[in-house]
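Across the two complexes that follow, chain A remains constant while its partner is chain B and subsequently chain C.
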Partner chain A sequence: MIGLVISGLVQGILTGLMLAFLTVGMTLIYRISRLTNFAHGSLFVVAMYLTFALSRSIDINPLLFALVITPLMACLGWALYWGLIHPIRTRHHLLAVQLLLGLSFVLDASILIGFGGDLQSVESPFNSRFVHILGTGFTMTTMIGASISLVGLGVLALAIQWSDFGRHLRAVANDNLAARLAGLSVERLEGLTWALGVGMLGIIAPPMSSIVTLTPDIGLQYTVLSLVILIVGGMGSLVGTIFAGLVVGIAQSLGLLFLPGSFGALLPYALLVGVLMLRPGGFAALLVRS
Partner chain B sequence: MLDIAQLSVSYGKIEVLHDVSMHIAHNECVALLGPNNAGKTTLLRAISGLVPAHSGSIRFADADIRNQRSDQIVAQGIIQIPEGRHIFAGLSVEENLLVGGARLKPRARRRQLDKLLDALPLLAELRARRAGTLSGGQQQLVVICRALMAEPRLLLIDEPTLGLSPVAIDDVFTTLRNVHGAGTTILLSEQNAELSLELCSRGYVMAGGRIVLEGDSAQLKAAALGEVYLT
Partner chain C sequence: MKAVSVQFGFNALVALAAFGAIEVMPHYWIGVIFLAVIYAGVASAWNLAGGIAGTFSFGHGLFFGAGAYTSVLLFTNYGLTPWIGMLAGALIAALTGMAIAWLAERCAIGDLAFAVMTLAIAEMAYICIDSFEPFGASRGISLPPASGVAAMQFSSDALYLWTAIAFLVICQIVVAAFAQSARGYRFRAVRENPLAAQAMGISPARERMIALAASGALTALGGSIYAQYLLFVDPLTFFGPSITIKVILFALVGGMGTVWGPVIGTMLLFPLGEWLRGLFGGNVPGFDSLLYGLLVIVCILLFPRGISGTVNYLFRGSWPLRSRRKK
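After this line comes the complex of A and B, so read on.
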């Protein structure tokens, strides 16, 4: 019993790191343009299917595809900003929400057309190698995915705090007008943030696509999961997002272990409701208070 | 240095600036006076490229800057300190200043930072503090310094003393006097006519979106005695 809890906790932490990394792009975009990217999950699924497509034609370790997919996704994010978001930036924000939701349906449908509705998975040699933590074996893919996420989140946190780009991003998030009057090109920064936020999906998609089963309709699930983490984390806080990712990951894995059937999968949403009732500001509000 | 001719600006369909013309020479300090809603803020916003101007011209150092992007205008040395203390509350004082120097090369930015902090020991003491935790007067000094980080050629200042205590107002004007003394051209929008006419040699009075009076400080002070604009 205790062993099961511990193994569930470790599994939850590993998954949670990946979920946090998956969400943090959405967090940054929300922070700089006050816009929830409702296509985030579908874009992630696009990156996973890109991994799948590459793995069928090129026989190398699928993790290496990140080197190609990341810049591709970054370009896609950049193009999305300038093609879709920038033209309507002065209009009502619900218009952007509709456009992004629409985009997610278009992406899901394109995947369905391109790959069919069958369940797919990406074979990886690392799926059959195991690392043991506290008595439980985890695949090398999971370990690498979680490690990449941990390192990525650390690098990102440092960059946000210390680089010019990070300081400028925080300045725009703090006070858009003052940032403009300091000579920052807010549009350029927003475009870069979209490139970064969507590009990061290309880093985590290769390991994740060897862990989960791919179907074309999972985009919305990832959007909602990221949204839960974004909200629980306090809308725009980097540290909050990391905490929320971990909590959601742990809730999910313990829920699957101890609750009957699909109740486990519902646990993150119950968590969302609970957190919002107790702390409307999410974890970020807790952090500021302490 | 700055030449504005027959400028009109609208918010949506409503025109709020009508036919505004103004001239500022190099090294001048010019006051922009007038009651609430006269159009002072709108004029400064138009110069900085924050609202589009649909007719007239704005020339700076002989180049037409009307309807350039705000970052292009900043790049030419027109720096605005906006109304209402727009400080980066979540950033430290030092970070606020660094963002002000965003367009400088990293080394020049550091040098400018050190220079300003040397001149203002008060800010040097506060450099690691979160800007949002400072008093109103301290915040206004940070905001002024943030603008100075950009090495302005023309400084546009919008009601810097709004809501400050008399002591803090003195601090702000002392700082502005030093800035002007060091050779920066200033356009200062203020409701406090007395203080600003002491600092500036010349001024314009706006009301209802037009320039209704212009002259040197002595003339405007004399006019102020009899007029309602300057209350």
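After this line comes the complex of A and C, so read on.
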């Protein structure tokens, strides 16, 4: 029993790290451009299918494809901002939500047309190697995915705290008008944030694509999961997002272990509703208040 | 009230025109038009809360499913006629809507959090029903065949279509009555600026509760009729997120916040999607969602007011009647 709980916890932390890294892109975009990326999950699925397509044609370790996919996704995010978001950025934010929802329809349908509706998975040599933590075996892919997330989150935190780009981003996030008056090109920074936020999906997509089973219609699930983490974390706080990602990951894996049937899948949603009822500010409100 | 009677007259006119068309329509298209009419009614109901009152819900699948399941369960377990069962469903949906709006107001959450919260509640309902054995879990429930008007099972599809049209007419009358009454103006005041509305003595909580309750009840009626047409309910069709998202996109293309926009949007988009699906369906699945998505993107970038809203904007005031007389 105790062993089961511990292995569930470790599994939850590993998944949670990856979920946090997945959501941080969305958090950044929300912080800087005040828009919620409802196409986040679909863009993630696009990145995973890119990995799948590359792994079918080139026979090297799929994790290396991140080197190609990340710049591609970053360009896509940048183009997305200038093509679709920039024209309507001064309008009501729910208009952008609908636009991005429409975009996610387009992405999902394109994947369905391009790859068909069959279940796919990416073969990785790391899937058959195991690492033992506290008596439970985890695949090498999971370990690498979680470590990439951990390192990525650390690098991102350092960059935002210490680099000029990070200072600019924080300035725009704190006061858009003041940043503009101080001579920052807010539009350019917003475009770069979209590139960064979407590009980060290209880093985490190769390990995730060997963990989960791919179908074209899972985009919305990832969007909703990211939204849950974003809101539970407190709408735009990076530290809150990381905490929320860990909590949602742990809740998911413990729910799958101990709750009957598919009720485990309820937990993230129940967590969201509960947090909104009790602490509308999310985890960030808890952190800041103390 | 004059404007309401004009709306009603227009409804009657549309119905008369439809009468001739339905008599000569092929069987397949009656099914498509039936679905389009149901979607149009639900889009209109969604628009009452999401477009007019600014209560942007992503969880209308919850109301749709609640209506369908209530009437079907009442019929299979107690033999209660769906005509009454659908009212019970509407009542349950209205109470649920009221509870959701109350919770959201009480916790003072923003627009976006409200949208995601309704999505989460609907997903929770979907997952619960999907693994709840007495309600048939994910297999759903089939209605026992019991032909007769009392059981709301008709011999011809045309009669189902007429029921759906009656539902759409009811939706339009309710939405038009709301939109043109003092309550409709209060809805819009709350949508535009809740704080200012409060300063004017309007209670945002009450207006939102009423809007979501009315919208939920109408959506539930649509769910019941659709269940009777299929003679079958399952969680994915009725509680799944796809119906909500489609309805929002239809309402958006037609024009959010206008009375006729959602109906026009659905009536144009849905049959178009079905026609394209028939045209390409065999070799290109997903073509209709690709089209919906592209249309929505183009629509938001070019005319964000939607079809109906753009027409209203172009014909605002009375410029078609503006004379050449010099000022």
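To be clear about the criterion, the second predicted complex is superposed on the first by the 290 of 290 C-alpha atoms of A that agree within 3 Å, B and C clash if a C-alpha of one lies under 4 Å from a C-alpha of the other, contacts with A are read in each partner's own complex, and residues count from 1 in each chain.
In the analysis below, contacts are C-beta pairs under 8 Å (C-beta built on N, C-alpha and C of every residue); 3 or more make two chains touch, one makes a residue touch a chain.
Keep in mind it's a predicted model, so treat the numbers as computed, not measured.
Colleague: So if we stack both complexes on chain A, do chain B and chain C clash, or do they fit?
Modeller: Here the two partners, once superposed via chain A, fit next to each other without clashing.
Colleague: Under the stated touch criterion, name the partner, chain B or chain C, that contacts more residues in chain A.
Modeller: After superposition, C is the partner touching more of chain A.
Colleague: Counting only touches as set out at the top, which of chain B and chain C does A:101 meet: first, second, both, neither?
Modeller: second
Colleague: What is the contact status of A:151 with respect to chain B (first) and chain C (second): first, second, both, or neither?
Modeller: Neither chain B nor chain C is touched by A:151.
Colleague: Between the C-alpha centres of chain B and chain C, what angle is opened at the C-alpha centre of chain A, expressed to the nearest 10°?
Modeller: With chain A as the vertex, chain B and chain C sit 90 degrees apart.
Colleague: Kindly classify A:131 by the partners it touches after superposition: chain B alone (first), chain C alone (second), both, or neither?
Modeller: It touches nothing on chain B or chain C.
Colleague: Let me test your reading of the model: by the given contact rule, A:88 touches which partner, first (chain B), second (chain C), both or neither?
Modeller: Only chain C is touched by A:88; chain B is not.
Colleague: On the A-aligned overlay, A:67 touches which partner chain: chain B = first, chain C = second, or both, or neither?
Modeller: In the superposed model, A:67 contacts neither chain B nor chain C.
Colleague: Quick one: is A:277 in contact with chain B, with chain C, with both, or with neither? Answer first, second, both or neither.
Modeller: After superposition on chain A, A:277 lies in contact with chain C alone.
Colleague: One more residue to check, A:177. First (chain B), second (chain C), both or neither?
Modeller: After superposition on chain A, A:177 lies in contact with chain B alone.
Colleague: A:265 in the overlay: touching chain B, chain C, both, or neither? Say first, second, both or neither.
Modeller: second
Colleague: Nearest approach of chain B to chain C by C-alpha atoms in the superposition, in Å, rounded to an integer.
Modeller: Comparing every C-alpha of chain B with every C-alpha of chain C, the smallest gap is 16 Å.
Colleague: Give every residue of chain C touching chain A within the complex, in rising order.
Modeller: Residue list for chain C touching chain A: 56, 103, 107-109, 111-113, 115-117, 119-121, 123-124, 127-128, 130-131, 241, 245, 248-249, 252, 284-287, 289-290, 292-297, 300-301, 304.
Colleague: Can you check the complex and tell me which residues of chain B touch chain A?
Modeller: Counting only chain B, the residues touching chain A are 48, 50, 69-71, 74-75, 79-82, 86-91, 95, 98-100, 102-103, 106, 143, 146-147, 150.
Colleague: Residue numbers of chain A touching chain C in their complex, please.
Modeller: Interface residues on chain A, with respect to chain C: 36, 84, 87-88, 91, 93-95, 97-99, 101-110, 112-113, 117, 216, 220, 224, 227-228, 231, 235, 260-263, 265-266, 269-270, 272-273, 276-277, 280.
Colleague: Write out the stretch or stretches of chain A touching chain B in their complex.
Modeller: By the definition above, chain A touches chain B via 164, 167-168, 170-171, 173-175, 177-185.
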